[in-house]
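Just below is one structure, and these are the notes that go with it.
Letters A, B, C and D mark the chains as written, and numbering starts fresh at 1 in each.
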Amino acid sequence: MVAPQLNVNFAGVRFKTPVVAASGTFGFGREYGELFDLSRLGGICVKGLTVKERHGNPPPRIAETPMGILNSVGLQNPGADVFIEKELPFLRRYDTTIIANISGNTVEEYCELAEKLSEARVDMLEVNISCPNVKAGGLAFGTTAKSAALVTEAVKKHSSVPVMVKLSPNVTDITEIARAAEGAGADALSLINTLLGMRIDIETRRPVLKNNTGGLSGPAIFPVALRMVWQVSAAVKIPIMGMGGISKAEDAVEMLLAGASLVCVGTALFSDPLAALRITEGIGAYLERKRLDSVSQLTGKVQPYQL
Amino acid sequence: MPELCLGRVADNKKLTETVRALTVEAEAIARRAAPGQFVHIRCGAENLLRRPISICDVSGGAVTLVVEARGAGTDWLARREPEDVLDILGPLGNGFDTGGRRILLVGGGIGVPPLLYAAKKAAGVKRAILGFQTEHRILLEEEFKNACDEVFITTDDGSAGEQGHVTAPLKRLLDRGAADAVLACGPRPMLRAVYELASQYGVPCQVSMEERMGCGIGACLVCACQTRENGQLHMRHVCKDGPVFRGEAVVW
Amino acid sequence: MVAPQLNVNFAGVRFKTPVVAASGTFGFGREYGELFDLSRLGGICVKGLTVKERHGNPPPRIAETPMGILNSVGLQNPGADVFIEKELPFLRRYDTTIIANISGNTVEEYCELAEKLSEARVDMLEVNISCPNVKAGGLAFGTTAKSAALVTEAVKKHSSVPVMVKLSPNVTDITEIARAAEGAGADALSLINTLLGMRIDIETRRPVLKNNTGGLSGPAIFPVALRMVWQVSAAVKIPIMGMGGISKAEDAVEMLLAGASLVCVGTALFSDPLAALRITEGIGAYLERKRLDSVSQLTGKVQPYQL
Amino acid sequence: MPELCLGRVADNKKLTETVRALTVEAEAIARRAAPGQFVHIRCGAENLLRRPISICDVSGGAVTLVVEARGAGTDWLARREPEDVLDILGPLGNGFDTGGRRILLVGGGIGVPPLLYAAKKAAGVKRAILGFQTEHRILLEEEFKNACDEVFITTDDGSAGEQGHVTAPLKRLLDRGAADAVLACGPRPMLRAVYELASQYGVPCQVSMEERMGCGIGACLVCACQTRENGQLHMRHVCKDGPVFRGEAVVW
């Protein structure tokens, strides 16, 4: 039998494998690039970019929770210009798909970022309207259908590359936001960003994070992420990049079956820096075992029970 | 260039009630380790995050890690036995600059071990001030005595060595003009006091900072440490830019 | 030193200890009553009651997730009348506070339940507007401020005992719902109910639960629960019963510091049937160690960082 | 009345490649255990839910549990060693009624072990039909031969005993009128086939059902099993009302 096809055509963009590094957990690839060849990844979502440099929130910025972590980085990044000048050329040396994750305080900032980064020829944009760790922008845009549509529409006008909108799980009905983004022209959706959480140090009576709250990621949130991908995939026609707690190939397969075309791996990299590669291999092995010749044959193939 | 190794535990020696010295065979890490660098260790499937532990010593293809059991992860680590295999990432970060004619090492509590390898690697005259809470918490006294020209011990309760903080002997040595460089590791308030004292004497001071970590390699940006360099504020990262910073760069 | 006071006055109702068994995980107490003396509990929230008997959803009704479980019981219960006749007298033999958890398909059903159960002299009502496992009613009432207020107001009119409203975490802004319930007369709030989640069996390609989705509980959700209790306690003046993933005394203390006056223990009972007792002891030990003389001194005493 | 015990593992014997027989000292449970009952075992901190395992045998103050390593929990369990301590809740549920003059036990795969204690406890003439996939998966053959008057083995591939399913020898025995009661444990399709066959011959059949569990004691209502009793539909619970049900009560 020929080895199963792992490549995916996602909103017109080619991914060598269905496994992508999640934004914010992978920086701009330099560090993980010292541990393995970045060309082995399907794609890289770079750290969230803003118009101007941001220093982020004060530390501590991370806390451990049962099978999860909380982070409150707060979009620290050198700004889009520095990224384009210093980081993108480095990433371009690798044969992998580069996705720029963008966050604005205003719709105008999103547009400016979209323009700059699509001109710089990243392969795709991921519009972050779901960061729980910044005051202005971020999550605020992601919690109503109206503002999600507004941002999406504006970004689409200013982008020459496909636009993916990253959804927040901190909402009553994620399908409503998903449909709004689709209606406004999004080429794809990514979900989920982190769930807002908190921990308190009972000795000091202080929150563990200096930002008081942070975003919950890791295996703990996997069932929520899977449910949301399943719901959203039934609600929209555009393809989905699924993430949230994926730490092994079996999780990735569940996510694909639930309706994702690609998966992102984030927090799992902290325990195992090679997690994305192991997951890629595991998906291949699963396909072989099931005698399927392409990973795309998994997408959305869960058979729900009729209620 | 960090390596991801499976290292075999060769020895686990009890140093105090809560502190263990683990010797781990990890050739690729041992070969490159510099004083002040650390490793990031997986502590069982229950703990999602790795734990950063300094390299205390290197001999042959093995590194020595001195671990204090405090929470779930270090507790797990301290219970490893010979033949157990550890998933280690390292060596990581920027360590100490051990150059200089007369080096003064200042360590507090579990901040003492990382200074041992610095003492061994430094070329000049080496002195160490090691502070602990109490006598039975003293770590590596013999080892430092072997590696250094002079060793001063302080304890908070005076049960051994001089009573009080490391700053008292530090001041005396600085008064004598006995140090060209201070290398410090320990709790943040101690680091700050040591740096401020050294800077009063115009002696450059390197400090090894602690911060909670995710990736350990500089990608996730969680282990932030604010610095002021050439008048400009920067957000640096303990795992990659540190753990060792110049005292005057740290925004205390 | 005298042993610290563990009793709590909660919306006028006395609880011997701050630790209560969570609704749906404890049945009507009979089974756990074979393992320990129920009088050692601060209170018992009984299994969700409906007007008529309900058989619940088909099995499998449970799935394991990383540090969590999904359940899709679907409010199986014998109906309020049978409870009053057969179960309440049994529970009354114990010196513990009895809270009736009620779910309706309509506002009228909630009222009928409130009337019957308060006449039957349960100590308190817990109005479940947050069950993710039933089609009608349940969660639907809990996802908008308006419907939450509607149910609360109606139940209050028909209840002669204090009314606590149980909030869902599956909402964009839980403080909005909390304030609506408070405004409509709720005497207390309880939170959180389960987060909606899913798992898929990659061998059969079927959801693990026959109901497709289920409610996520257990340690995995603790950081989300803690954050919500913290947010809600800042938004309302009425007291809060906090729950979601509490499995040890330290978790309970965090929850109290975040703003809860009582805590519920649910899923933790499945791993350790004596969890509620161990948590009670641990809270006492913490109070002693901190030289505090009453558990109420913990409520809301977290010191957040000023942002 | 279930007990919560800390039971010491006295023995762990390999029965097949994936199946282990654990002997666990748990006096309070052993004393009360009835055939067909089960225990609910904590399988390490990583697995939030306990795992239900049938009581295969009782001797003195110990119970024997036969465990097939399938997933995370049973895998953990199968690796326990003598002196390890297990957190066990039991005995739980309603077991087999072992009354009757001529008892026929029908087991499939990992459903075989729970029948052993039933065989030992039953008074009458005892026969057992034990079905497995293949020869090297056969469990407890000797033990059943010692406890029963007659034992029939079937394997799916014919590598041992009779080739095919348990229903073939079952039918022959029923044809002979050799059973007053059938007690069955195994996969659901097998249970159904056994029950249906037995009911054609008017022989009462008890079946031991499996369902995913939470509390294990009847409080959380997750382990539902629909039954029809006196024409009325009920939602029963495997952990408390079962695991053994009358075949005709189960809504198949």
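Basically, a residue touches a chain if its C-beta (ideal position, glycine included) is under 8 Å from a C-beta of that chain, and two chains touch if they have at least 3 such contacts.
A quick note: this is a predicted structure, and the numbers were derived from the prediction, not measured.
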{"item": "Labels of chains that are neighbours to subunit B and to subunit D", "value": "none"}
{"item": "Averaged-CA centre spacing for the pair subunit B and subunit A, given as whole angstrom", "value": "36"}
{"item": "Chain centre separation (subunit A, subunit D; CA means) in Å", "value": "47"}
{"item": "Subunit A and subunit C, separation of their C-alpha mean positions in angstrom", "value": "33"}
{"item": "For subunit C, residues contacting two or more additional chains", "value": "63, 67-68, 218-219"}
{"item": "Where subunit D touches two or more other chains, by residue", "value": "none"}
{"item": "Topology of the chain contact graph, where touching chains are joined (line, ring, star, complete, other)", "value": "ring"}
{"item": "Interchain pairs in contact, sorted by label", "value": "A-B, A-C, B-D, C-D"}
{"item": "Subunit B residues touching subunit D - in the complex, by the definition given at the top", "value": "45-46"}
{"item": "Sites on subunit D touched by subunit C in the complex", "value": "1-2, 4, 42, 47-50, 87, 89, 211-226, 233-235, 240"}
{"item": "Interfacial residue positions of subunit A with respect to subunit C in the complex", "value": "63, 65-68, 70, 135, 143, 170-173, 195-200, 202, 205-207, 210-213, 216, 218-224, 226-227, 230, 245, 250, 253-254, 257-258, 286, 301-305, 307"}
{"item": "For the subunit A and subunit B complex, residues of the former touching the latter", "value": "24-27, 30-32, 34-35, 47, 55-64, 67-69, 71, 73, 76, 218-219, 267, 269-274"}
